[in-house]
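In the two complexes that follow, chain A is the common piece, with chain B as its partner first and chain C second.
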Partner chain A sequence: MDIFTRLIQKKFRGIAGERYEEVLRRYREFLLLPEEFVLPEISSVLMPIDRFSGEIPEGVYETLSAYPGASVTVVYISERKTLEIIEQTLGREEAEKLRKAKLEFAKKLSEEIASRLEKLGLRVERKYFIGSKSDDVITMMEEGDFDLLVVSRSYGSEVSRTSPVSPVVMKIVQHVVKPAMVY
Partner chain B sequence: MEQGITTLVAVVVFLGVYALIISEKVHRTVAALFGAALILFIRIVPWDKLPEYLDLDTLFLLIGMMIIVNTARESGLFEFIAIKTAKLARGSPMKVLLLFSLVTALVSSVLDNVTTVLLLTPMLLYITRLMDVNPVPFLLAEVFASNIGGTATLIGDPPNIMIGSAAGLSFNEFLVNMGPIAAVDLVLSLGLIYLIYRGAMRVDEKKKRSITSIIESLREEEAIRDHSLFRKSVIVILAVIGLFFVHDKLGLEPAVVALFGASVLLIWSGMEPDEILEKVEWTAIFFFVGLFILVGALVETGVINGIASWVTGHIHSTGEALVIITWFSAIASAIVDNIPLTAAMIPLIKAMGSSMNIYPLWWALSLGACLGGNGTAIGASANVVVIGIAAREGIRISFVEFLKVGLVVMIVTVAAGMAILWVRYIGV
Partner chain C sequence: MKVLVLIDGSKWSQKAALHAIAIVKRKGGKVILFSVLDRREAKAMAFNLGLVSENLKDVQKFEETIWRDMKKSIRNIMVNLLEFCQKQNVNCSFRVVEGPTREKILEEANSGQYSLVVMGAYGRSGKTRIGSLLEDVVGLIEPPVMIVR
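Up next, the complex of A and B:
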C-alpha cells in the first residue's frame, strides 16, 4: 500500500470511525447486487402439505409466480405411525375411517392450493399417500427431480412457543441439500 | 514571564500544534488539547479570560446539529433520500450525476458534509455498478458538491459557523451572500466534470431499462427503520431550518436554535440520551476547544494585532484584502485543515477592521476556507471519506488524479466566487 492510500485510510478511520461499517450494514439489508437479481433456475417444486400447514401466505404464491411453467407437486402424506397406533388401539375399522377422512381433507386442501397455483401459470400435480412425513419428503427431494422445496414451518405438527419450527421440518431442512423455502 | 518570551512561546506552541496536525503523528484533537493545556499551564491565557476565547456559539451550534443529525440518521432518513434520488435518475448517468450532486449540495448546506457523503456514497457506488460505468467522475462530483453546498449557509461547514459566530452574521446574510456563489459554483463544477469525463456518461438504452427496473424494485419505505422517528426528525429538521431563517429577527443565536431543535427531538423521540450523545463527535468539539485557546494565546500576546498591523500596512484597500484573503485561505485550506486556519484568520480580520471595511472579507474567508478543500484529496473531510469508501470498494482515486480535477475545480469555483464578491462589494 502506498503512502497516499495509507494516509487516506488513517484519516478515513479518524473521521468516519465505525460509522461506515454501520452504514454499509444497513444498506446491505435492502440493496441487492445485479447478480443477486438473477432468479435461480426453478422448473420443479415439491410442496408438502398437511392439516398443520395452515394457509399458504400470499408471499409464497408471489414468489412461485416468478417461475411460470414450472411444475409443482403438492403432496399430502398421512403419517403411517399414527394410523398404525389408531389401528392397534381403536381397531382396523376406525383406522380406515380416519384414512378416508384424511384422504377427503387432502383432496380438498390440494384442490384449493392447486387452483391458486394454476392461476399463476404453474403446472400442478397432486399426490396422496401413507408414509413418513419427514423421511418420504427427504427421499423425494433426494431422488426426485425437484429444484425447490416449499414447506410450512408447522408441517408435521403445530409450532409451539419453545419451537417456532416443527421438529419434522427441522429434520427435513437439515437433510435436504437443495434450496428450501420455509414459510 | 517577559512579554517577548510569552509571545514567542505562544507562537511556538501554535506552530508546533499545527505541525503535529499536518504530520498526522498525533490525532489533531490530542495535539490541540495538549497545546491548549500548555498555554493554560504557563498562564499565557489567564483562567478567568478563558470564557472570552471559547466560542460557545460555535461549540453549541455544532453539538446541537450533531444531535439532530445523529438522531435523524437512526430513522433511515438519509438512505430514504438516497433511494428516492436514485429512482428519479432512472438509470441515466447524466441524471445520476446531476441529481446526486444537487441532493448532496442541498443536504450538505444544512447538515454536516461528512454524514452526507458517508450515507449517500454507498448508494451512488451501487448505481454506478449497475450502470457499469467509471464511478470516479460521480464520486468526484459528489465531493465537490458537498464542499460547495457547505459553503452556502451558516450551518453548512464549520468555518462558516466560526465566521458567523465571530462576525455576528445571520443565516440569511450567509444565504444571500454565499448561496448564489454556491449555486454558480455547483453548475461550474458539474460542467467541468462533464467536460473531463464525458466518455464515462454513456449507457445504452437496453441497459438503462434494466437498471431502471432494478432501481424501481427498491422500496424506499424499507430504508425507514423507525417511521415515527422518521416523521419527527423531518419535522424537527424543517422547523430548525425555518427558525434559522428568522433567528436574527427573533434575537436568537443560531446555537440556541440548534440546541432547542436537538432537545425537542430528544424529548419527542424518547430515545435514550446516552445512545445519541455518545454519537456526538466529541473529538471534533474538543479540537475546537483546544484551537480556541491556542488562538486566544495569539490574541492575548498581541501576535494577531502585530500581523494585522503588518498586513494593513501593506494592503491598502478592501479589494486587495479580498483577493489576498480569498486565495490565501483557499490555497492554505487545500493543504492544511481549514478549521485552525479559519480560527487564526478570524481575529486577524477583526483586527483589520480599524483600517478598512471588513464585511466583504468574511465572505472571502468563507469562500476560500470552504472551497479550497476541493483542491486536493486531503483538503476536506468529505474528500477523505469519499476516497476512503472508494478505496474500500476497490476503486482507486490517486492523489494526482484527484489533484488534476480538484485543482481546476478549486481555481474556477474560487475565481467565480471572488468575481461575484468583487462585483457586489468593490464594484466593476
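Up next, the complex of A and C:
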C-alpha cells in the first residue's frame, strides 16, 4: 500500500501540484489507487461447459486450486434455439429425444469435471438448463455474485486457426466486468 | 507454478499482476512480469505531437524523449510491483523487451514454460475494445489466459 502511495505522490503530486486532487479524481480510471492495491480474493467461480469446450488444461485446475474452499458452479446450458429448430424441422418427439440426450451428456461431463474440482478442495454445484449460452452466462455473472468466469475459447461453437475464439465467448467476455479465464 | 503477467503500464495490467501474485502466494512458484515496448508507438506519438503543436522540426527530439519516458515509466511500474512481491514473499522477476507487441507476447506466452497468463482487459488508453485483443492475442496464447478488469 505505501509503495503505491509513494509512487503516486512521486509521479503525480509533483507534476499536478495544487491540482493533484482534481487530477486524481478526473483520471482515476488510469491510476491504481492505494485502496485498490490489495490482493484479490476469489470465492465464487462460474464455469460454463458444453460439448465444444474440450478438455480442461492442467493450468486451469492448477489455478483454481489456489482458491481452496471456493465454490464453483459448473453450468451446462443447452441452446434453446437449436432445440426449437429441431422441433420445427423434425417434430416434438425428435426434439425431446435430443433434449434427453443432451441432458445425459451434460450430467456425465459435469460429473467428470466436478469430481476433479472437488479433489482440489473446491465446493461444486452443478446446473443444467435450456437457455442462451451467451445471454444466460452474462446474466449469471451479473446477478450471481461470481468473482471469476472460467470458460473455454471454443464454448458455444467450434473454433479455427483464423477464428480462435468462438463468437459466444467473444460476446460473454466483452460484457462481463469480473475477471475471466479463457482456456 | 509459473505465471506470466503482461504489463503495458495500464491500471488494468497492474490489477492483473495482483491476481497473479495472489495465486503464486498460495500455490508457490514464480511471477514473471513481462512488458513489450514498441518503438513505433513512440514514433506515432511524437508525430502526432508534432502535428498538434505545429512543430514538426523537433519531431525526432519528441520521439527520443517519449521513448526514454516509456522505458522509464514501465521500469518504475515493474520495480514497484517487484517491491510488492517481496513484501508478500512471492518470487518474482521482470523482463522488458523491445519489438512488435503482439509477436513478442505470443513468443513469450507460448514458450511452454507458463501454466497461466494474466493480463488487463484494456490498454493504456482505457478505451480499446477487448474484441480485437481476444482474437489477436488471447485466442493464440496456448496456456489459459486470465483477463482482468
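Details
Keep in mind that, in the parts below, the second predicted complex is superposed on the first by the 144 of 183 C-alpha atoms of A that agree within 3 Å, B and C clash if a C-alpha of one lies under 4 Å from a C-alpha of the other, contacts with A are read in each partner's own complex, and residues count from 1 in each chain.
The rule is short, and it goes like this: a contact is a pair of C-beta atoms (placed from the backbone, for glycine too) under 8 Å apart; a residue touches a chain by one contact, two chains touch by 3 or more.
For clarity, every value in this text was computed on a predicted model and none was experimentally measured.
Of the two partner chains placed by superposition, only chain B is touched by A:19; chain C is not.
In the superposition on chain A, A:167 makes contact with neither chain B nor chain C. Look at A:121: by the touch rule set out above, it reaches neither chain B nor chain C. Chain A has more of its residues touched by C than by the other of chain B and chain C. Of the two partner chains placed by the overlay, only chain C lies in contact with A:60; chain B stays clear of it. Contacts of A:31 after superposition on the shared chain: both chain B and chain C are touched. Shared interface residues of chain A, touching chain B in one complex and chain C in the other, are 4, 7, 11, 29-32, 37. By the touch criterion stated above, chain A contacts chain C in their complex at residues 3-4, 7, 11, 29-32, 36-42, 57-60, 62-63, 65-68, 148, 153, 159, 163-165, 169-170, 173-174, 177-183. Interface residues of chain B facing chain A in the complex, by the touch rule stated above, are 24, 27, 76, 79, 114, 118-119, 122-123, 126, 129-130, 214, 217-219, 222-223, 225, 377-378, 381, 384-385, 387-389, 391-392, 396, 398-399. Every residue of chain A that touches chain B in the complex is listed here, in rising order: 4-5, 7-12, 14-16, 19-20, 23-24, 26-27, 29-34, 37.
Interface residues of chain C, counted against chain A in their complex, comprise 1, 10-11, 14-15, 18-19, 21-23, 25-27, 76, 80, 83-84, 87-88, 114-116, 124, 126, 129-131, 134-135, 138-140, 143-149.
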